[in-house]
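Below: one structure, written as structure tokens.
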Amino acid sequence: MGNANSLRQQRLISDILVNGGLFLLCFIWTVPTFGVFVSSFRTRDDISQTGWWTIFTNPATITTLNLENYNNVLTGKEYVYKSPSGDERREKGPNLSQSFMNSLTVVIPATVIPILIAAFAAYGFAWMRFPGRKMFFVMVVALLVVPLQIALIPVLRDYTKLGLNGTFLAIWLAHTGFGLPLATYLLFNYISQLPRDIIESAFIDGASHFTIFIRLILPLSTPALASFAIFQFLWVWNDLLVALVFLGSKPDVSVLQQQLQNLVGTKGQDWHLLTAGAFITMFVPLVVFFSLQRYFVRGLLAGSVKG
Amino acid sequence: MVHGSEKEQPHGPLEWIMANGGRFAISLFVPIVTFVVMWQVFIWLRDSHASKPIIAIVAIIWGVGGVALLFVVSNWVVEQLPMKWMKVLQPYVFVGPALAILAWYLAIPTVRSLILSFYDASGINFIGLDNYVFAFTDKAMLESFRNNILWMVVGTSLSVIFGLLIAVLADRSKFETIAKSLIFLPMAISFVGAGVIWRFVYFYKPPGQEQIGLLNAIVTAFGGQPLGWLTIRPWNNFLLIIILIWLQTGFAMVLLSAALKGVPGELMEAARIDGATEIQIFFWIIIPCIQGTIVTVSTTILIATLKIFDIVFVMTNGLYGTEVMASQQYKQMFKFQHFGRGSAVAIILLIAVIPVMIYNLKQFRQREA
Amino acid sequence: MRTKILVLLTVLMTMSFVLSACASAPTAAPKPTNTPVPAEPTATTAAAAAEPTATTATAAEPTKETKVEAGKFDWTVFSTEFKGKKVSASGPAVDQQAMLINKSFEEFEKYTGIEVDYEGTRDFETLVLVQSEGKAAPDLGYFAQPGLLKNMVKKSFVVDLSTFLDKEHLKKQYKQSWLDLAMMDGKVAGVWHNADVKSLVWYPVPEFEKAGYKVPQTWEEMIALSDKMVKDGNTPWCIGIESSGATGWVGTDWIEDIMLRTTSPENYDKWTNGQLKFESPEVKNAFQVMSKIWLNPDYVYGGTTAILTTPFGDSPTPLFDNPPKCFLHRQASFITNFFPKDAKVGTDVNYFYLPPIDAKYGKPVLGSGALVAMMNDRPEVREVMKWLTYGESGRVEAEAGVQIAPQNDASLDWYPPAQRGFAEILMNADTFRFDGSDLMPGAVGAGAFWTGMVDYVNGQGLDEILKSIDAAWPK
């Protein structure tokens, strides 16, 4: 009895330690973001004059919170200017809906395509024998470090020749190219650690490489595929430079991040809108993260990963 | 899967074609039809004025489906070949597309950079190793080397340690999903957004004025004088590295957490029954089990720190002794328009990663064994 | 009005025949002997500037008169044969300014049928470089940094406008100093589209007057005023140079303004093109003059730490505190964008011209602006370039108060009151010079010079800094 009690006590203590530690870390991690979250409901003048915590230290100021920033970002800014006849004209700036569509059109294939290609390649590196295998693998690792900026000009030249500039295909391929080293590297490390006996027994049953890959490897690699999917999605979603170069800034193709950056104004005078913008653009990646969460479950490979 | 052609081996390619004429025709026909259909859709996509969501959906199906088809069709074609040929060719069906794209988008540009790195700003005059001499003598570059080492050591180790810690803690907590989401949150924020967030942490206002930066607000609340955090050498480097850790811990956590799920539960239970403490379990069971993932995550973050650019560029522009290599590379290339120097820095980055490459190659060989 | 349009139409018809005859093969022969552009609209009323004299202060007056006379801009100088052709333009102006640029093309589009599509991005400088190298440049580029454009000219990415724009016409439309700035490697690299005045000092009007302060007319008076403010227990200056990837430019602007006030315009030109070294006594002196304000802890609100860490856009905010935490802020005209929403220029806050130091050099003005360059040579793009040489092309933007049109035939009547003052300062300038750091090569103007400013404020030795800036100059 006493033993069980002390065991329970021990459990309780470790529970407190675990959750307490976790809470502390989460708190530290979240405070900066939370501060900007509060700021996103404040006016520019408030933001630059008082700290965001003012709403806690001086609760009366809570009434100054408003949705103006969100309104500006989501529905477009209102521009006021004088017409030649002298009267004041107002015009709504672009809203985010079009660029939201564009971003989705860019990001979905730009996430799935590299995963597909990298998964095939990772399987090839891990379970197939062919000349040049090691050399090619080293190349993949080496290319991890190559900054994509050096590729912009040569690739753009090729695109110009091929007439690909400004097409979605152009940007999918570009993101695929720039994301492939990491994708191949991460997936190789996972796929190569899958238990050898599973694959060998499938071979003995007469399955081809293609069948093994589709039926066995892909399902077993879901956690790795899901985690890379998240990263690639985030990278593409938050990318500005690659989209700007290969897709351009025309409204019919410009992505969310470009639109957001334009909102800031030529001299950066409206940077406070980025507070609201950051939370609006964060929404989709978080949905992706939550929906892929369920693939990180225990037991998918229980007892079959080699130590 | 049994391949019919194995049984009666034809004697030469010509005979084989004669014998398998129909199949040969089909194996040519299928890829051609696939290609033509894909091309037609591409033309339609490029010129169509259909409503935006429709184009988007067709584009997505076309793009993703096209790549899937590429693999299916090329694999199908290879499987029509005799066993001998198939064995040789099939690996390239798997790795070929990746290698081709890597070559086009990264490898060939790298070679081009290597060549450019021996030329002057205009890219016309060959100047030998001058750009490299510059890179190893320039004050800002030397500073970058030092800082990059700092980033690599501190940034990588702390990101991985925190990522592992949080993954392990979350694994045992009822609040796993919410905790992981909160740590992951920074990753979902664009760099521009992250810049705004950290601006409100390090912001400086002269004494006497209300502080809007979190750190200075805390300092002044305790009676201290506000500091211009990002201008204080050399500590400002650590303040910038904190931003990286804040961002990259989520990355480490996601991967390590996925690996943790693969640690057999029975093994841990068995150890617990044997009276092992949680700390012992952590070091004796968990760490060895997920060692491969730790190496992968560390390598990836290490390389990310080597390429670190946005944080420095947005927060300090490399001033006050915070310059890093990738920021130098970007500046040389696009701001100073010196492609030679920019390329040389890129090549130095590549050379710097050789030890990592060797280590990974070793791992690669081990797995083969 | 209707009849006038009819007349215009007939003239236009004849003109378009003439033009189509000339412009049919413009790409093949870039330098036709008789220029296809009738810069002087000879057939029609006296439209643009009446006199070709490019002299400084007087230029504005006659144009205003002719505007009133002519009433309407003479459109017949443009061809209508390019209906439906598209021209792409790109630049660093975004948001409202981008919208206004597109609006400013509307009248032109209505008349010529050419569709001009401007797309702004704040990464324009990087993008245009990549696009030009990638052979995918837009037709027109708005360059705020002549130094960058110069490099593009060197690489032959830019069309020489003198191949089709009449020299006399350009002389009539722009002051010589603007034309000189557009000449690069012996080519006309672009036409000026807008200008900003930089030599301004802002102050909070009510408190300034209440304290009995007077707008200084000379630098000495300004220093005396600063001393008086200190004596009154006030802080005179607010300075902030943080600008993320461009931190330091506020400082370079100060140095440039001081250079113009302490040495000859010729020396300034030599300095910006690398002939006069940073280590020379002239430049060193400018740093020292500046440091008397910048490095004096009594003068600057928050001292050097505030200078380094305050974002330039936030730095004027203390002017609006009650009581003001500082009284003077030197910044270009666009800083009004950063003022608190309810602040009115003229009543709450006003500006004065940054006073001269040495009477010998008169009242020089430092400014900046955007130069439109042509990167693809097609007849319809030429038409657009021609349009951009007229003040009328910047009218929408001028009326909205976002920019000053640098063309001689731009009317002062267009501007809202505050901007009219800027335009007047620009017109009355004894010497006009362009922001020097934008003229210098990127390695200096967007690199070592910025870094040097920061290091200087941060306490590093001046000689060492000047030496390292000189060393960064590309050979």
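Chains here go by letter, A, B and C, matching the order in which they are written, and residues are numbered from 1 within each.
To be clear about the criterion, a residue touches a chain if its C-beta (ideal position, glycine included) is under 8 Å from a C-beta of that chain, and two chains touch if they have at least 3 such contacts.
Nothing here was measured: the structure is a model prediction, and the numbers come from that model.
Peer 1: Please find the two chains that have the most C-beta pairs touching each other.
Peer 2: Counting C-beta pairs in contact for each chain pair, the top pair is A-B.
Peer 1: If you average the CA coordinates per chain, which chain's centre is most distant from that of subunit B?
Peer 2: Computed centres place C farthest from subunit B.
Peer 1: What's the distance between the Cα centroids of subunit A and subunit C, rounded to whole Å?
Peer 2: Taking the mean C-alpha position of each chain, the two centres sit 39 Å apart.
Peer 1: Could you state the distance in Å from the CA-based centre of subunit A to that of subunit B?
Peer 2: Roughly 12 Å separates the two chain centres.
Peer 1: Could you tell me which residues belong to subunit C and also touch two or more other chains?
Peer 2: Residue numbers touching two or more other chains: 126, 130.
Peer 1: Where in subunit B do residues touch at least two different other chains?
Peer 2: Subunit B, residues with two or more chain partners: 334.
Peer 1: Among the residues of subunit A, which are close enough to touch at least two other chains?
Peer 2: 48-49, 153, 155, 240, 261, 271
Peer 1: List the residues on subunit C that touch subunit A in their complex, please.
Peer 2: 90, 92-100, 103, 117, 119-123, 126-127, 130-131, 133-136, 243, 313-314, 317, 334, 337-338, 340-341, 395-396, 399-402, 416
Peer 1: What residues of subunit A sit close enough to touch subunit C in their complex?
Peer 2: 43-45, 48-49, 77, 79, 81-84, 91, 93, 152-153, 155-157, 159-160, 165, 240-241, 244-245, 248-250, 254, 258, 261-271
Peer 1: For the complex, give me every residue of subunit B touching subunit A.
Peer 2: The contact residues of subunit B facing subunit A are 1-2, 42, 45-46, 52-53, 55-56, 59-60, 63-64, 67-68, 71, 75, 79, 88, 90-95, 97-99, 101-102, 104-110, 112-113, 162, 165-166, 169-170, 172-175, 177, 179-193, 196-198, 200-201, 210-214, 217, 246, 249, 251, 254-255, 257-258, 261-266, 278, 288-289, 292-293, 295-296, 299-300, 303, 306-307, 309, 326, 329-330, 333-334, 342-343, 346, 349-350, 352-353, 356-357, 360-361, 364-365, 367.
Peer 1: Per the contact definition, I'd like the list of subunit C residues that touch subunit B in the complex.
Peer 2: Touching subunit B from subunit C are residues 125-126, 129-130, 148, 151, 154-155, 244-248, 301-303, 305-306, 308-310, 318, 325, 441-443, 446-447, 450-451, 454, 458, 468, 474.
Peer 1: Name, in rising order, each residue of subunit A that touches subunit B in their complex.
Peer 2: Touching subunit B from subunit A are residues 14, 18-19, 21-23, 25-26, 29-33, 35-36, 39, 47-53, 98, 101-102, 104-105, 108-109, 112-113, 116-118, 120-121, 123-126, 128-130, 133-134, 136-151, 153-155, 158, 167-169, 172-174, 176-178, 180-182, 184-186, 189, 192-193, 206-211, 213, 223-224, 226-227, 230-231, 234, 237-238, 240, 252, 257, 260-261, 271, 274-275, 277-278, 281-282, 285-286, 289-290, 293, 296-303, 305, 307.
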